[in-house]
């Protein structure tokens, strides 16, 4: 049976939002998150206030799943005190003392009041308050009668000694609570981080744009059973869902596709208030994208990024570098880094990778030849490939790529004016994707049959970035969905900042 | 338990091997093993009702024991002269065998005709015996397990760990001729699982299958976590611990250490990496072994839990693959993370009055952490 | 249902015969520079059949074809449905590709139907060659209600363009009865893979998956300026080949095998052939395979006979690639390994022979400054879309060794077959010559 794409009104709404988003240009090229209060000294630590609450998230098949989330309850809050999936992305700087104050407001309909907690793999954490748990100190629910005030509040303190990508999650019955939604990302900027010249780990790890890919999954059966019977009821263990885990929803940054390609924050609409983050990577040719890939829940995912290899530069917040040979020179890669076309995301592990694309070596001009007879009805604009300088240094000698500020920065000039090699079939014989602009050339559009295309209004090159466990490209039996997003590489004339 | 503490506490700083959690003493180069019928009682289970049928390797006593003794993983084998002989007594009604991935047995494997049933030479059912010989052993951490009908016999429990050191206190030869792979203390973590429905299936030839295999118990060194758990001795602050990971489950597990320093993962399947990998967790595929150096700097019980969250145990919502790596000071005989008069008394109990040890462990200097 | 299907093919043939051609506008059409007769094989010289008519330039039989380019490789793939035989003998409906290179254009629509294979035909390319791949969609004969288009995604192609990426959501896919030609200049050697990306969860589960690799230019040039290092594959005196342009011969090999892990969910395939809703959420692989077969078929020289519903191109089997590894003691054995199964990871173990991993995801395992990152292991874990290049050193070895899923519950063919099966193959080492 075939499920037609975009057939229900929920999806149409989201697609409209995507279109508006792409036309308007996105926010900054940095990751959405919160930076807490405080300067980061031991006397004035960077402080976050998180509270665990329950609500429901939305999946793109029209489903709704009860979840437990960390809410940013700082003053002022970043998401109206709502619990969110994933939890707020915490962004701090290397060397800062960080303090997270956790409050527990879980009140289940069954009367259960489970403890919650946070663990921070990769950090050395001191926990005070609350009650003792197996992995760390835990916060009891505030309304447990007779509980002294301080057993409902836990303070976790650590020094962010090393830059990198990390995560945090519940340390109380993780197989249940992380599944329920208690997970989030932690980003530590290198000391002296300058947002105008950002690096991941200092010199040698410069990038132009960064995107978070927090991958996770859910089995709604667990959520329904917990909601109906409570987390300690025998019914939950009888499902075998925790020992023989079988996921049915897959998320990027807390949303299933295509919801993850809508706007971030409240402008995504009322169905996504508890899922504030999106995943809509965009870049220009020649830019460096930093991919922060995190395995959020308990399954591995092979993250395949169409378009080019990515260079893995760090794992678990540690640069893949021998540390010998002195400090890295600008642009020099960590010397133990390696390239992949599919990033293996392991639960609990974090991977940092750099992705770049120019179309080098395709042997035809990706911007098109303006008098190519095959495209006479939708000719691409003429352009020059002007290469006088090295794009990294700004001075001679030329590096083979179009210079900044010219028609086509980072165009591979050796392929300039080479004709498109094949004859495309007539349109009646073709099916078109929503992200096809109607032209094979970057930055050009072409006529399409009515109703086709439309999601790529600037004629960029679009690539699906997705889990290569293709079963995970569904939302509980509905294809497409799940763990996928589209990277759009836009011509330099398109403002994406 | 006292014996374990004794062996732990007797370690001087330099190069002596720590015993592993499984309480079996080092044995000679020829190992006498038997494959026997056993059973395993899950925690909280009722005796004579809830036992799960298991098969296991045990030290051969000369004859086949009565079925029903409690199952454990096979004894940890530790050959030291580069060769290994196992005399195997088969007490089971099915053929069995022993293979060690990463070590090649002597004797030319027969060219096959037809469909294989064993990945190595079989030993016929009871009362047959078999001999398995390996020479030119490779250094590292390995698993021995049945190579016969492995889709049934491995989940039944026919496995154990085998450790081959390059030299005492040295895991691998180091091409740079430095001491990079030397270690002071050692911890072995053997991961495995039990599917009661498969093991209790009376058809002894039936195997684990993709749609029906469903383990309910998740074990480290043959036990699920059961509070209060015995911690795994994992060295002293300021000394180097080698953590040997081995996974003989049919699923992947991902041990993650909380609150401790990162591991330097140096090898897998008995082969050192070109460069150590600095990670707080490792990804153990089915059949995988990994070796990691860990340099704790503080006393404490450090949780190491499976980050793919196999943390339940049958009908119990707690259990599974969680262990506590205990870092304590030498001389801490009672494991309470404090070296004091109680330990001195225990010291006297163990060695007897008037016995003076070769090293005075109480005076070793580990900085401000240990006196 | 059976009766309906039995009449469908003759009905379609009748339509074609009556109307002489395919539905209006559709055309099976090959694009291949230097190909004079539309069979996707470049023609170096003119033959009697390929001399144009009229012939204003006076071309003679045997004249060289000016459009012939030795650096051009062409291939014509058909896509659609078919049947294979599982390791327990069970027939299974599937979708796939088959290699119709050499078949005249006008015959492809008919010859291609129900010919499709698992795995899809392996594609072997050379660095520096341009690959012209024509994909023709011959329809789903046994699911006439389906009008699915198809694509080819050359998985991992570096610096890929949008138009030739084969991703339907971002570009083009080809409808029934027509052809789409892809163009790739192969700049980067390594082990890749290919698959259809249309409705990926469904089409990939159904079997549109195959191996693809690119030999390095070092095979042709040798290294260090030494002509004795030119590869045997290119007629030279050196080793059979190199995996990458290593510059030092460290990825040399003597024998080469491409193994692709896969698996079918029989419930999904049955639902497909019976026109039932497809159980995406319940998808699980119960027939694990290497190169499209479950042991012991993995080591059989010839594939199992195709079910009677299939129309294999060779008249016998739709599973043409085995997974048997054979070498002489001392051979360096290259395994080009990939996984395209759509539901889970597998770990492939070689307990008896160490695996030296020299490449990963079509890149030599070397840091950017030249640090050697190759390593040795006894098992590799594959998610979908991952590849590894492994060299086995068989010096001093003999007999039969095994390469199999250490996920031991995948050593079966389905739920009822007795005996070891599934994701297992043998490495047979003969005495050194």
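Here the chain labels run A, B and C in written order, and each chain numbers its own residues starting at 1.
What we mean here is this: a residue touches a chain if its C-beta (ideal position, glycine included) is under 8 Å from a C-beta of that chain, and two chains touch if they have at least 3 such contacts.
Predicted model, so just to flag it, every value in this text is computed and none were measured.
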| item | value |
| --- | --- |
| Selected interface, B-C versus A-B, where C-beta contact pairs are more numerous | B-C |
| Centrality ranking, top chain (CA atoms only) | A |
| Distance between chain centroids, defined by C-alpha means - subunit A, subunit C (Å) | 33 |
| CA centroid of subunit A to CA centroid of subunit B, Å | 39 |
| Where subunit B and subunit C are represented by their mean Cα positions, the distance between them in whole Å | 42 |
| Overlap residues in subunit B, where contacts from two or more other chains coincide | 252, 275, 283 |
| Residue list for subunit A, restricted to those that touch at least two other chains | 300, 322, 336 |
| Residue numbers of subunit C (touch at least two other chains) | 345, 371, 373, 381 |
| Complex contact set, residues of subunit B against subunit C | 99-102, 104, 108-112, 114-117, 119, 149-151, 154-155, 205, 207-213, 250-252, 268-271, 273-275, 283, 285-288 |
| Residue numbers on subunit C that touch subunit B, as the complex places them | 263, 284-286, 288, 295-296, 345, 347, 349, 351-352, 354, 371-379, 381, 397-402, 406-412, 415, 418-420, 424, 426, 428 |
| List of subunit B residues in touch with subunit A within their complex | 214-216, 218, 227, 252, 254, 256, 258-262, 275, 277-281, 283, 303, 305, 307-312, 314-318, 320, 322 |
| Subunit B contact footprint on subunit A (complex, rising order) | 119, 121-125, 134-136, 171, 173-176, 178-179, 231-232, 234, 236-238, 240, 242-245, 297-300, 315-316, 318, 322, 336, 346-349 |
| Touching residues on subunit C, where the partner in the complex is subunit A | 25-27, 29, 31, 130, 132, 146, 148-149, 153, 155-156, 158-163, 165, 167-175, 177-183, 185, 187, 198-202, 204-205, 275-281, 283, 342-345, 360-363, 365-369, 371, 373, 381, 383-386 |
